[in-house]
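As written, the chains take the letters A, B, C, D and E, and residue 1 is the first residue of each chain.
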Amino acid sequence: MEMGIVVGRVTATRKDENLVGTKLLITQAIGLDGAPLDSQPVITVDTVGAGIGEKVFFVKGSMASRAVRNKDAPVDAAIVGIIDSLECRNFKG
Amino acid sequence: MEMGIVVGRVTATRKDENLVGTKLLITQAIGLDGAPLDSQPVITVDTVGAGIGEKVFFVKGSMASRAVRNKDAPVDAAIVGIIDSLECRNFKG
Amino acid sequence: MEMGIVVGRVTATRKDENLVGTKLLITQAIGLDGAPLDSQPVITVDTVGAGIGEKVFFVKGSMASRAVRNKDAPVDAAIVGIIDSLECRNFKG
Amino acid sequence: MEMGIVVGRVTATRKDENLVGTKLLITQAIGLDGAPLDSQPVITVDTVGAGIGEKVFFVKGSMASRAVRNKDAPVDAAIVGIIDSLECRNFKG
Amino acid sequence: MEMGIVVGRVTATRKDENLVGTKLLITQAIGLDGAPLDSQPVITVDTVGAGIGEKVFFVKGSMASRAVRNKDAPVDAAIVGIIDSLECRNFKG
């Protein structure tokens, strides 16, 4: 899983029928210090009630679909948790 | 999922029999500002009636096949929605 | 799917028994202009009768196995079509 | 699989119900010399009792879920072994 | 699939029970000329009796598990063939 921050939301009227009712959030990957990375943001399905500005972790690939109620939804990224805190040691020293 | 813009179309007479009848569009990933990224475009199966110049989002990997009617089609990228609008906040500031 | 050009062939006597009889072609990803990219070539299973020098498109990941007759073959890349032509508009302008 | 070192731990109260009870460790990929790479760390489910500072190897993608007891858990990275030692030859000349 | 050279071996006493008995080799991706690339080496399960220094090709992702006898093994990379020879043409002009 990757860490990210929710930065936005996508509105899409025409979409796969199995995506109807899903909340599509734009998530930017972040580093251990919480700062956004240079990578491109990802459209993720929210499954835990995340809001803009919250730090989350998300699953990519086919396993993302496990988090979604509709088992036919074509989904490759899903937010599966909200980060309370990180405990982290520096080994790059 | 990733955001993209449809930039073209592929014609292929000889192809896997399970791809016959699919519409193969060339999609270029775009950033939050809608500008094309430097990444290579992807051949995507269109499942929502997208046209050239439209901004879409697409699924990659095995989940792309869920969007395709033929359940034996060898597909690793599919357009699953057309973007109406993005609501987005900047956290890079 | 990605666009590529077939650049070679792999001979392998010792291989997974479910790969016996497959044609293993080396495919180099290409850009919209047909020029080879700097990425590393991929070993792809040919399922459409492609030959060296032909422009093709190929599937990656588990969906590649759908194109292969032997449903137990451990395959993560397969050529699934030969490109006749691309119709493409430039949005980078 | 990739080699990594466990560098931290994630606490998340709100998460997918199928992740309840999993131990979420932050793993940094390392090179053959054991030094951390520049890549971003990954949130991995621990399935072998790994601790911070231990060198491990982890599986990514849908196969990671095989290592997790709950077969509905949305998981794309899991620690599946602790490295005792590497035997390695240099072919980079 | 990718081309690689076997450069080492991993010893791991504590590991997922479904990995017990697997031979874990370290494989470095190579180019068409056989020279090691700059990418990080991968831990691969050997399924064809490969040895250190041999040139092989390996499968990544969930399809790697098809090459492994234990169908519950959490495996995302497996050596599935030993390269006898490459026949290759240069299209980079």
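Note that in this section a residue touches a chain if its C-beta (ideal position, glycine included) is under 8 Å from a C-beta of that chain, and two chains touch if they have at least 3 such contacts.
The shown structure was predicted, so the numbers you read here are calculated from the model rather than taken from an experiment.
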By label, the chains that touch chain A as well as chain B are none
Chain A to chain D, mean C-alpha position gap in Å, rounds to 19
Once you find the CA centre of chain A and the CA centre of chain E, what distance in Å lies between them? 31
Residues of chain C that contact two or more other chains, please. 61-62, 64-65
Chain adjacency by touch: line, ring, star, complete or other shape? ring
Going from chain A towards chain D, every chain in order around the ring: A, D, E, C, B
Touching residues (chain side chain E, partner chain D) in the complex: 5, 7-16, 18-19, 24, 26, 28, 36, 40-44, 52-53, 61-62, 64-65, 72-77
List the residues on chain E that touch chain C in their complex, please. 1-3, 29, 31-32, 37, 47-49, 57, 59-67, 78, 80-92
